[in-house]
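Here come two complexes built around subunit A, the first alongside subunit B, the second alongside subunit C.
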Partner chain A sequence: MRHPTLRPVRRNSGRTASQRRFVLGVTFPTILYAAAFSLLPIVWALALMFFEYSPGRAGGAILGLGGDNPFVGLEHFRNMVVGMSREARLFRVSLRNTLVFAFAVLPLNLAITLPLAALIESVRGRLKTAFRAIYFLPAVTSSVGVAMMWGFIYDPQKGLLNAVIRLIGGTPIAWLSDPRTKFLGISVALWAVIAAYLWQDFGYNLVIFIAALQGIPHEFKEAAMVDGASPLQVFLKITVPLLRPTLLFVCVMTMLSSFQVFDIIQVMTDGGPNYQTHVLVLDIYNNAFRYQRMGWAAAGSFVLTVVVMLITIFQMRLLRTEWEY
Partner chain B sequence: MTTAVRSLRLVLARRRLPPPTLRYNLGQILVYFLLILGLSATLTPFAWMILTSFKTATEILRTPPTFWPENPTLDNYRTILQDPQLPLLRFYGNSAFVAVSNVITTLFTSSLLGYLFAKYEFRGKQALFGFFLLTMMIPSQMTMIPGYLILVKLHLINTLWGLVLPSFLDAFGIFMMRQFIETIPNELLDAARIDGASEWQIFLRIVLPQLGPALATLGTLNFMGNWNAYLWPMVVITRLERRTLPIILTWYSTQHTTQPHITMAASVLMVMPILAVYFFFQRWIVRGITLTGFK
Partner chain C sequence: MDRKVLLIGFVLLLVVSLVACGPSATETPATEEAGAAETAPPEGAGPGGISLRMWAHQNPAFNAGYQALIEAYQSAHPDVTIALETFDYDTYIQTLQTAMPAGEEADIIQLFGTWTSEYAGRLAPAPEDVMTVEEAQDLFYAAPIGGFIVDGVLYGLPQEFNMEYGGVLVNKTLYEQAGLPYPPQWETMEDVLRDAQALVQTDETGMMTVAGFHFTASDPASFSFLAGILQHGGDYWNADHTGFTFNTPEARATLEWMVSAVEEWGVVDPVLFNDEENWVGQAFFESRVAIGYIGAWAIAEGRANYPDFPDEWDYFYLPPMVEGSDPLFVADSGWGLAVSPNSQHQDVAWDFVKFVAANVDNARQWNIASGTIPAIPEVAESDEIAAAMPWVPRALEILPYGRYLGSMPDRDLVIYEIVYPHILNTLQGVETVDEALEAIDAEANATFE
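Up next is the complex of A and B:
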């Protein structure tokens, strides 16, 4: 039974003047700062996409919009869908490449990280920590460093990959510059950046899977073993179903980051050969900062935002209905 | 199967667990074989970079290339360190300045706002929190263009402050800190209040010292993110001497496209400091990622 005098201090009446001052003293500068550096960029980006904006032109009074930077309404979005101009076609190419990239990366990533996590999890003690630490090394390497390393692995004359291919009697390939060679309908250059990206990125999901595997109660697996299940059966019938929430989370995070791929592609191929690795963020960057077509680029970035938000909302919906063990 | 039967079976199974047999060892050997195979795939690109950086200019021209350097040399490193075009120390300084400033400011704002959201009630709290949630969902590529235009207006383009000033607030850090601070008992804060501590004193003397692990995790992730950042620094800074390491590395490699031994040595010099940081803070990084799935 609750003793009346031991009631906790009620929040509202417990608020003193000094607490209110503190709250105000923190929130006031925060709101001012967030308005300038968080809210304004969002609003500005939402406005930019309706204009033909270039920072070189003077434009109207408010944010340089209007005047020489005319309002074009939904013209950019119409162009993206049906326009035949060079930038419209390049945008569609970049969207297509990004989709191919993301949907190739996801299954390949899972096919590497999930079994590997199970293998590492089966090792005991300090060795497990050591394996995990080394497997995570590529993930902490800067993406530019990764791009440099892999760029030289793919080098047609001096690269390691072609050296190995020559050694086993194959034909060397100009991995990053041959626009004709294809594999499974995807150009080798795109495959090459996919491989480099996978190498850089798999550590994250690996670490998350290892942690999730550690969280699965041992009794479940042991019980199945006792009932005569093979290790593979235990993995597929017990472990994987129990990992579903983690699996979903990992899928979404992998999707989100591969939709935003930029660094390694910009350094390794800069979209080439023949725009076969031209991805969405590269398209946005080129338009905004190389060609100063910022209205068009803002419209492109809005498309990216919509895709990212849809994936996030989809994940939240699914997670809400997911059960936990 | 009832629980009782199952646990009985488990007990029996444990008792019947045989001593390590040959079959058991074969499974283990296969596991280790696969793990080491994967390990070599993980380490080969590093090895290729490092080995190449020790090769001579004549050896690098050979086709097919050698794997191990025949006459290992430090000349490539000497060339880079003595190159007047490449004052490396300055670029390390630039990168360190940006990364350290951002770590300090975001750790401060994240813990302060996390504390505010965890322990205070005020009007507009939900709205402000919801706004931070929204900024976390919007990809940086969308706000990058107006972000650049704002820096132009503030005359911060081509300054390192341009990489620091707009990133004081880190929505992700605020969320993480709020989670941590919620676990600090209110009684502790109230006791300090009764003893006459001001709200700032409570934050600095009571809350902040409890956040050690959280600060280490957030700080390490933040440092690496800043140190490795490429797109945003490239947008903000175009003047050569103000650049950060990743941008200078790509610039330097375009100057030496025919000399991979030089660019690989430069890559080693750029990649190694962060790997050292990683080995030092490994525990915090792994914890941070499993906690949040943050990239």
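Up next is the complex of A and C:
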């Protein structure tokens, strides 16, 4: 028998019944929406990754699982690691390309956006707004449009880039279709896609950095100047360290979006030449919607989630701060 | 109380969604559905009428041909209304693959014959009073009808002879500029390569600006490869058609010929001219290809998409790849029409399919509208076809040598993701002939697993 005083006390939310009904009424549609279009697909994908499932096959009695869509346990994951089948090798190629893409995009993005943000922040008046708008414009442009525009720029015969190269007496190359050309051991086609992606994406981080720079109290910089620090020293020793919380956010978000890259690559190269720009989401898409290998695609999605999660945890540990200003 | 309501609502939503998203676990036999159609009132029909939906992939010439025949059928059957719904190619495949398991496909489905074996379990067999297998084999060429017959059952009627082998678009203007005799006088493939070599144009940096002979897109490269194997006396199927045999001397000889066309003759730069870059159906109509290897279906599409193309051009057929051989080749079953077993008016749907595909006059009308080679010999040999499509009589000599490609577990995967990429890799110099053949053989056979 439990002592009456030890009974758990139910916390009173302080809301009246009508208030609770109101809260329920306004949140229920959103909850339904999230459940139908986020939670349910996640649950379904988690189940599918243990099956060799194709919606084209009738399968078993429960949701088409079993029967012609057999349970395979962890077989997909084993194949992804050690399998020699075409899809296993393509998966590993796509994972490697995705890692190269993400780890190239992040430093390049930071190298462009951080100094540029500092420069724009130092500009006074309306010019600052104009610069911010100009650099942000590509970010609000359709990815397909951006991909097509860069496709024209990279066109080997009529493209702008090769026209410039011809003008200065260089040898034009097939930027997006030559599997033999490499730079720093990475396919030129992948570099070309990275450049297009950076052009479209860096506006987001630029705006975030500008906002963060505006939030740094001037007293810190002025104190450093009084102590004889040069502008470069102020930027490196004062501004950059104080931007650490923002850097963490930018790194995590940039890494996330880089791992999810799909549309720009599908339009520009469709994974070619010779799978050198074949990234993980494209591989998942092809398996799921071209070849109806939903089980394999679900397992690939799970791996993508785990990889992104691990990298995010690593970034958060590396860049976390325990101070505020 | 509120939490209970929320929880119950949430659980209900999950259950309903799971049931709605999942495929039906049991297949209703087509015959039962047909029987039900006779007794059940027509669903979605207008007052006293029957409404059917038809799905097709987006192709302006094809769709115009369908629309004209739909209107003709509706005029003859005022109680029937047929709505044509079209999808771009990739979306169409995905729509079929997701809608058919859910039983939500249209009554009449445009189907690529080679896909039939993948979908046979979800298609209505043709009733005998519409057409028997024997009647179909008598009416149509072997290659187009081959795909629509699965395990001795007829699942649809073909509308075209989808011949990707042997046909080329030839730019007369470029021929004349190069000082070559026109029309081309080709006895052997060496004659073709000689012309093509003279037609190549490059810029000041050596980059190819006009390909002499563009054979490096997916369809021509793959179907030339398969034809070459046959013409060398080999086969890419094993004896009982349960596996592929791509790593053979015949396949090696064919691939080596392709490599020599690129490396020794220099008729095309496969890095600049392939499926992704300068696709033949586009590059030809932009004067960047002199001889463009592509199926005759590209003619109508080219005319529709490039009405202002200034160059003079025509369509010809190549000599056999192997000197002295018959022009043996394989062909897909091509586009045709099938009927959903879930249609409540299968009898009307089949009547329409027969009206479009088996009626000689209507088939001719559709082939002329779509610019495709007829699937019915009587239509292909008609004067009207010869007048409207002068390249068809040129094809008549080789059409009888066409064999059905064969039912594969996943035709697009084998042709477009396995055979073609390895051929292209070899031509681009990133794989050797032996590496490519080994890879094609292993990967294609893995599709049976």
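The definition used in the following text is that the second predicted complex is superposed on the first by the 279 of 325 C-alpha atoms of A that agree within 3 Å, B and C clash if a C-alpha of one lies under 4 Å from a C-alpha of the other, contacts with A are read in each partner's own complex, and residues count from 1 in each chain.
Here is the rule we go by: a contact is a pair of C-beta atoms (placed from the backbone, for glycine too) under 8 Å apart; a residue touches a chain by one contact, two chains touch by 3 or more.
If you're wondering where the values come from, they're calculated on a predicted model, not measured in any experiment.
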Inset, instruction - Tell me which partner A:Gly59 touches in the superposition: subunit B (first), subunit C (second), both or neither. - result: second
Inset, instruction - Determine, under the contact definition given at the top, whether A:Gln233 touches first (subunit B), second (subunit C), both, or neither. - result: neither
Inset, instruction - Examine A:Gln292 and indicate which partner it touches, taking first as subunit B and second as subunit C; both and neither are also allowed. - result: second
Inset, instruction - Once the structures are superposed on A, label A:Asp263 by its partner contacts, choosing first (subunit B), second (subunit C), both or neither. - result: first
Inset, instruction - May I ask you to decide whether A:Ile31 touches subunit B, subunit C, both, or neither, giving the answer as first, second, both or neither? - result: both
Legend entry - First, second, both or neither for A:Arg132, with subunit B first and subunit C second: first
Inset, instruction - Quick one: classify A:Gln157 as touching subunit B (first), subunit C (second), both or neither. - result: both
Inset, instruction - Examine A:Arg166 and indicate which partner it touches, taking first as subunit B and second as subunit C; both and neither are also allowed. - result: both
Legend entry - If touched residues of subunit A are counted for subunit B and for subunit C, the larger one: B
Inset, instruction - State whether A:Trp44 touches subunit B only (first), subunit C only (second), both chains, or neither. - result: both
Inset, instruction - Identify the overlap between the subunit B-contacting and the subunit C-contacting residues of subunit A. - result: 20-21, 31, 36, 40, 44, 55, 63-64, 157, 166, 289
Inset, instruction - Would you mind writing out the residues of subunit A in touch with subunit B in their complex? - result: 8-9, 11-12, 15, 18-23, 26-27, 30-31, 33-34, 36-42, 44-45, 48, 55, 63-64, 116, 119-120, 122-123, 131-138, 140-150, 152-153, 155, 157-160, 162-163, 166-167, 199, 204, 207-208, 210-211, 219, 222-223, 225-226, 231, 249-250, 253, 257, 260, 262-263, 266-267, 281, 284-285, 288-289, 294, 297-298, 301-302, 304-305, 308-309, 312
Inset, instruction - Would you pull the subunit C residues touching subunit A in the complex into a rising list? - result: 2, 5-6, 9-10, 13-14, 17-18, 21-27, 90, 93-94, 97-98, 100-101, 118-119, 121, 203-205, 207, 209, 271-272, 274, 276-278, 288, 410, 412-413, 417-418, 421, 424-425, 428-430, 443, 446
Legend entry - For the subunit B and subunit A complex, residues of the former touching the latter: 6, 9-10, 13, 27, 31-32, 34-35, 38-39, 41-46, 48-49, 52, 60, 63-65, 67, 109, 112-113, 116, 120-122, 124, 128, 131-132, 135, 137-139, 141-150, 152, 165-169, 186, 190, 198-200, 224, 227-228, 230-231, 235, 245-247, 249-250, 253, 260, 263-264, 267, 270-271, 274-275, 278-279, 282, 285-286, 289-290, 293, 295
Legend entry - Of subunit A, residues touching subunit C in the complex: 20-21, 24, 28, 31-32, 35-36, 40, 43-44, 55-64, 85-86, 156-157, 166, 171-172, 174, 176-180, 269-270, 272-275, 289-292
